[in-house]
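When the chains are written out, they are named A, B, C, D, E and F in that same order, and each has its own residue count from 1.
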Amino acid sequence: MDNTVLLEDLDAFAYREALASGEAVVLIPVGSLEQHGPHLPLGTDTALASRIAVGVATRLGALVAQPIAYGYKSQQKSGGGNHLPGTTSLDGASLVGVTRNLVKSFLGQGVRHVVFINGHYENYQFLYEGIDLALEELGLGSGSDTSVLLLSYWDFVSADTLARVYPAGFPGWDIEHGGVLETSLMLHLAPERVAMERVIDGPAAALPRFDRLPVVPGRTPPSGCLSSAAGSDAAKGRLLYEQVVGDLVEDLATELWVAPMGLAVPA
Amino acid sequence: MDNTVLLEDLDAFAYREALASGEAVVLIPVGSLEQHGPHLPLGTDTALASRIAVGVATRLGALVAQPIAYGYKSQQKSGGGNHLPGTTSLDGASLVGVTRNLVKSFLGQGVRHVVFINGHYENYQFLYEGIDLALEELGLGSGSDTSVLLLSYWDFVSADTLARVYPAGFPGWDIEHGGVLETSLMLHLAPERVAMERVIDGPAAALPRFDRLPVVPGRTPPSGCLSSAAGSDAAKGRLLYEQVVGDLVEDLATELWVAPMGLAVPA
Amino acid sequence: MDNTVLLEDLDAFAYREALASGEAVVLIPVGSLEQHGPHLPLGTDTALASRIAVGVATRLGALVAQPIAYGYKSQQKSGGGNHLPGTTSLDGASLVGVTRNLVKSFLGQGVRHVVFINGHYENYQFLYEGIDLALEELGLGSGSDTSVLLLSYWDFVSADTLARVYPAGFPGWDIEHGGVLETSLMLHLAPERVAMERVIDGPAAALPRFDRLPVVPGRTPPSGCLSSAAGSDAAKGRLLYEQVVGDLVEDLATELWVAPMGLAVPA
Amino acid sequence: MDNTVLLEDLDAFAYREALASGEAVVLIPVGSLEQHGPHLPLGTDTALASRIAVGVATRLGALVAQPIAYGYKSQQKSGGGNHLPGTTSLDGASLVGVTRNLVKSFLGQGVRHVVFINGHYENYQFLYEGIDLALEELGLGSGSDTSVLLLSYWDFVSADTLARVYPAGFPGWDIEHGGVLETSLMLHLAPERVAMERVIDGPAAALPRFDRLPVVPGRTPPSGCLSSAAGSDAAKGRLLYEQVVGDLVEDLATELWVAPMGLAVPA
Amino acid sequence: MDNTVLLEDLDAFAYREALASGEAVVLIPVGSLEQHGPHLPLGTDTALASRIAVGVATRLGALVAQPIAYGYKSQQKSGGGNHLPGTTSLDGASLVGVTRNLVKSFLGQGVRHVVFINGHYENYQFLYEGIDLALEELGLGSGSDTSVLLLSYWDFVSADTLARVYPAGFPGWDIEHGGVLETSLMLHLAPERVAMERVIDGPAAALPRFDRLPVVPGRTPPSGCLSSAAGSDAAKGRLLYEQVVGDLVEDLATELWVAPMGLAVPA
Amino acid sequence: MDNTVLLEDLDAFAYREALASGEAVVLIPVGSLEQHGPHLPLGTDTALASRIAVGVATRLGALVAQPIAYGYKSQQKSGGGNHLPGTTSLDGASLVGVTRNLVKSFLGQGVRHVVFINGHYENYQFLYEGIDLALEELGLGSGSDTSVLLLSYWDFVSADTLARVYPAGFPGWDIEHGGVLETSLMLHLAPERVAMERVIDGPAAALPRFDRLPVVPGRTPPSGCLSSAAGSDAAKGRLLYEQVVGDLVEDLATELWVAPMGLAVPA
């Protein structure tokens, strides 16, 4: 039963038993509430990170905490920009603060490893900073037998999968916002929340090599997506999901239970 | 369909239309991930605040944002204490920061009123501070036609309801943590997440009139609850839920669409 | 002589001797500079907290530090609102910061117990947060032989006292701002600072069950008080003061010198 | 009557009238709780700043707010060091925060000018920063008809006064901590709080031209004072007090009511 | 003369004239003090960003401010890790704060456009946040005729240049730390600061797809570089420098003096 | 060769060797980007602090880190005011943050002593606070065998030097901004950056004994300097430089390698 991995559904006594092993792993999905065009829901990033986390946790025997459902400000070159309606963001200090608190709270309770599964590009550095500050406060340095892992799920998409999802060539992660990857994943995982008939097709956004602030709104395509979702389907989503979850399970299993400290991860 | 009130399920274009009326109201549930004894899930506060928000929003034509799922540190006199496993908390600055950001983000998008529905006692003052700082930054003062409301749902439980839920006399809000009110509400709203057979019965906690820090753990009952959940049932939960949602709908409707500024609320 | 309990009047060498016992207790009164209607001075909360602290310290052999004389923002439902002239407030971060610093500073000097005596409702959670952050930085956890206590003096008013002060029934703490309790206490402790002839009589404020920000100024009675001070007298003040100080002395004596760690406080 | 200048003793309605003129001036004394040797009380800095503020306000028709009674960390070269018992300090952020809040609060209420009267050397830059941040938030720039003044009272001691107080030559402000100036002022203003028989005589401290942290405790004289208080008397204190208050009154009167903006102060 | 572009070498009166045009552009190089293996100096990132900024400014008629010489914490996957000697870093809040202050300060003086030229991967998001917070405080939104640009210089390396610098195929930006790109640029711009004979050759680092904290030190190659600098030469550096500076000049000229607001940048 | 003392020019392996002795000393120059009238460059403070640091380090065998090139807000009474074009400042929190990070970073790497060489009056207290916070976080207290020193270089100008540089009498440090001391030092150390023909002669500024904010711009002389640079020459600069560097070398050598802890510094 999927439910058993959700921390919010566990009672405190059952959770205490889970901690007693000394091997508890908690996954924290991180997303955003962010416009994803007319065909995807505002909660896409959080939904994808959460579903992937549940998939990984189920196979791994880990727990999934409530997601961080609001993310760092959407940037024009990766998410269309923070000025678009629906995009509801945290500043850096707040996201760092939440992250820092969760790490300190979970490790303080006796969790062995915390893993952040990120689904919103802009979050990464602030999550990193929150983790680093927490470990410094906890006095944990190299050689510690507890750890925090941070990753974005798309970094686990293999070259082979990419080639199959984008038969005409992968256009690049930078314009994958509301595009084929996210839409296909949603079609696989939550088809009732996708409206393919509302997809606005057209060329990908052509953005400058710099960020300009305040943003020039006209540079974001009217759809709010940086590339077209046309061509998305549930089969691609299933492929992406299965491959990514599979790789995550393998990497985390190796890293958190097997890999001796101080050695390079096997290729 | 309940779903239509959830912001995370809306697409950006539909949301933009909702904003266009100039009358959009967004409810934000606020809870905690906190031990609630052996019979209630860790996510009880968030679940209750969310369900009440959905109930209100559905009748009111409002939207419900993703909850703030982690709350301020549990205090011994209202939640058993922050030292108990499962209790996973934010410090004050982080909760203030998140609140401040959400208010600024939603009002900046054109939302007319934001309403925080609180389900975790310890949050209240930090939510208040976050709201106040946001309004100061936005330059909104008395006479503004947008507003932010803050409330804890239990403040809407009527004397009559209390008398029916606690026929032997209401023991006081201060020890209602994991007790009859929360348990009955959960039995009504999410019975599959309650394990009545795990309830630990016994006398309510007798706590001093001061807070002591570091806490003396032995002062919290072994159950982690401040009063017994024995006597909880779904009918009481239904009564509580319907009365509270009803009162909230009435108060919010009066306040946000009718009440002329500067006048006292009718009794 | 009262003076001997005031830290500001002690010289450093005498204070060092007080610390040498290892048993020094420092009380810190916390108040506000806040409008209290036309009949009470702006410094009422600070004055009451300070006088109660001196009363307790004198009987207990403790020291009284300079008060925190400015408090958190006045809220409409407990203090009439922060928009009223004379109300001069700190934001949450500043009050947390001051509290955190005082705890660290006093415990760092060798004080055994610090006790905050609060006289302004809105302060409580920020004082709590400041204390908690300080203890975390100091690395003090459960089992420590030093402690910090936090309390609001009105939580020590007994039911019997209430019944005698409010013969027609206690209207509730929420509207006790500038009312019979504070006015009677001032009439007992500092009659020259009260102008009973300026009391504005009238019904108590009827405020909604939510906080609205920005506040609707018209909801606060013109007096700035939430209930009438009519009926206050020095005898009630004396009763309140003696009973509260008596209970505080008893509770603190029991807690700080006698109560073995880990046991519940005797009823 | 001195009392009329103390804001804490004013009621809100009287204060509102004072504001109505549009010319209200509020003085805020700033001190510290800091060791001043065996002969002066810990509250010396706050006491002196407060008494000078009351003297100035009485002659000027200004109001005196509650002092900021805790100051920035004592530094070895100006106050003996923050490690000494009795020295109870705020960090920079807290002092900046309190200052910023008071400026915003008073100017927001309609006070025309706020004047900080500093009595603890280490405070100055943090008060300055708090004022500057507040004015930036309030959007007040050059040409504003409200202002905030910041000063340390010893900068108003004239050369003539110095020559009379130190007939053998002024040893320099840097070692005037617990020395002849502060002690004489206290002998004039609060003789019952001075114990001349406890003065530890001896040569002034010889401190390096740098600050070293962590401090080398042995560099502070055992008395905690940086120069001897021997030779202090009430007559010197009276001379200092009268000259300083006189100059302050003259400068503030000229600056706040007469001096046209944009011109240099007359010599 | 190169010097004329350096703000630190300008006098205030000359600078005031530069501002008078209303068209002043200030470039701010951002780097780090970070280990770059045995063959490159610790100041490599700052040196490269500064030299590129001077090259751009000279051709563009812009000014170059003092660099931000310390950067955000080095991360293992992009810079070897923050644990390595020589790596001297700022936390996120400090880098955000410095950035925010510089933007506010320069725009407040009348600078029309500020351009951050980043040379240390880890900085980017914190620079972005600092810029965004500054613009919010200044009240500048879309449509403003002043702007702040943010870019990392390597994003301006063209595909053609890459192909010529890495004839055997570009291994990816993620492992370009102390590798052929940085080393070649330094050989062109500051050959006296490179010790090619100290280059440690060997395979590129193979790092996991996640970040692990605390870092596992053994995963960073002993050289501290993520790929080998073997094969670097000054000609490649010249090519990189000329192409990047050329593109930057073209893009900035188009963007800051020509491009009408609201239109997409020409391809 | 001067270069060998610059940390930015060292490679990580050479630096690691320097640390291995356990005796590494790192000097950090701190300046500002601040108007210094029409005859001195904006970078004067940073240039002077850096050159003095290099002079000291060369003779002492210490290292010099990249300067903190932006300082705290210029104050009217010491630097003419923060409103003047060219003056580009940090707020207090940012300067504290940078300082705190550098101390933690260098001491964490194994540096034995860090010495801040300040060249901008307004910085001092914020540097002090940053150092103090860092040491607290590192858990270093009195008796530690590592230390941080903080000094302003002008505190090392001897009375004899002053008499020779100002034959007509020293006008006081408070108005030495862009005056004879800084100008002479620049004429000695960087004559190509001084334009003596642009010096604006005239009487020194006559500023009030208080700070007023917002500043009254007319109180700063049109030159932006607080006293005239007329009479500056390279010989005076050489005298100042040699005497100050000599004294610094002597004091630091005594303090950091010889002086036993806990004893007063020899006169």
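The rule is simple: a contact is a pair of C-beta atoms (placed from the backbone, for glycine too) under 8 Å apart; a residue touches a chain by one contact, two chains touch by 3 or more.
None of the values given here were measured: they were computed from a predicted structure.
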Based on which chains touch which, give the shortest step count from chain D to chain E.
-> 2
Neighbours of chain C that also touch chain A are B
Field rot_deg for pair chain A/chain D, CA superposition, rounded to the nearest 5 degrees, holds 180
Chain at maximum distance from chain C, centres defined as averaged CA atoms = E
Computed distance of Cα centres, chain F from chain D, in Å | 28
Chain centre separation (chain B, chain F; CA means) in Å = 54
Residues of chain F that touch two or more other chains sit at 91, 93
What topology does the chain contact graph adopt: line, ring, star, complete, or other?
-> ring
Could you give the sequence of chains met when travelling the ring from chain E by way of chain F?
-> E, F, D, C, B, A
Along chain F, where are the residues that touch chain D in the complex?
-> 72-73, 75, 82-83, 91-93, 96, 115, 122, 124-126, 128-129, 131-133, 135, 140-144, 147-151, 155-156, 206-219, 247, 251, 255, 261-265, 267
Footprint of chain A on chain B - complex, ascending | 6-16, 19, 33, 35-43, 46-47, 65-67, 69-70, 84-91, 93-94, 97-98, 100-102, 105-106, 109-110, 193, 195, 198, 224
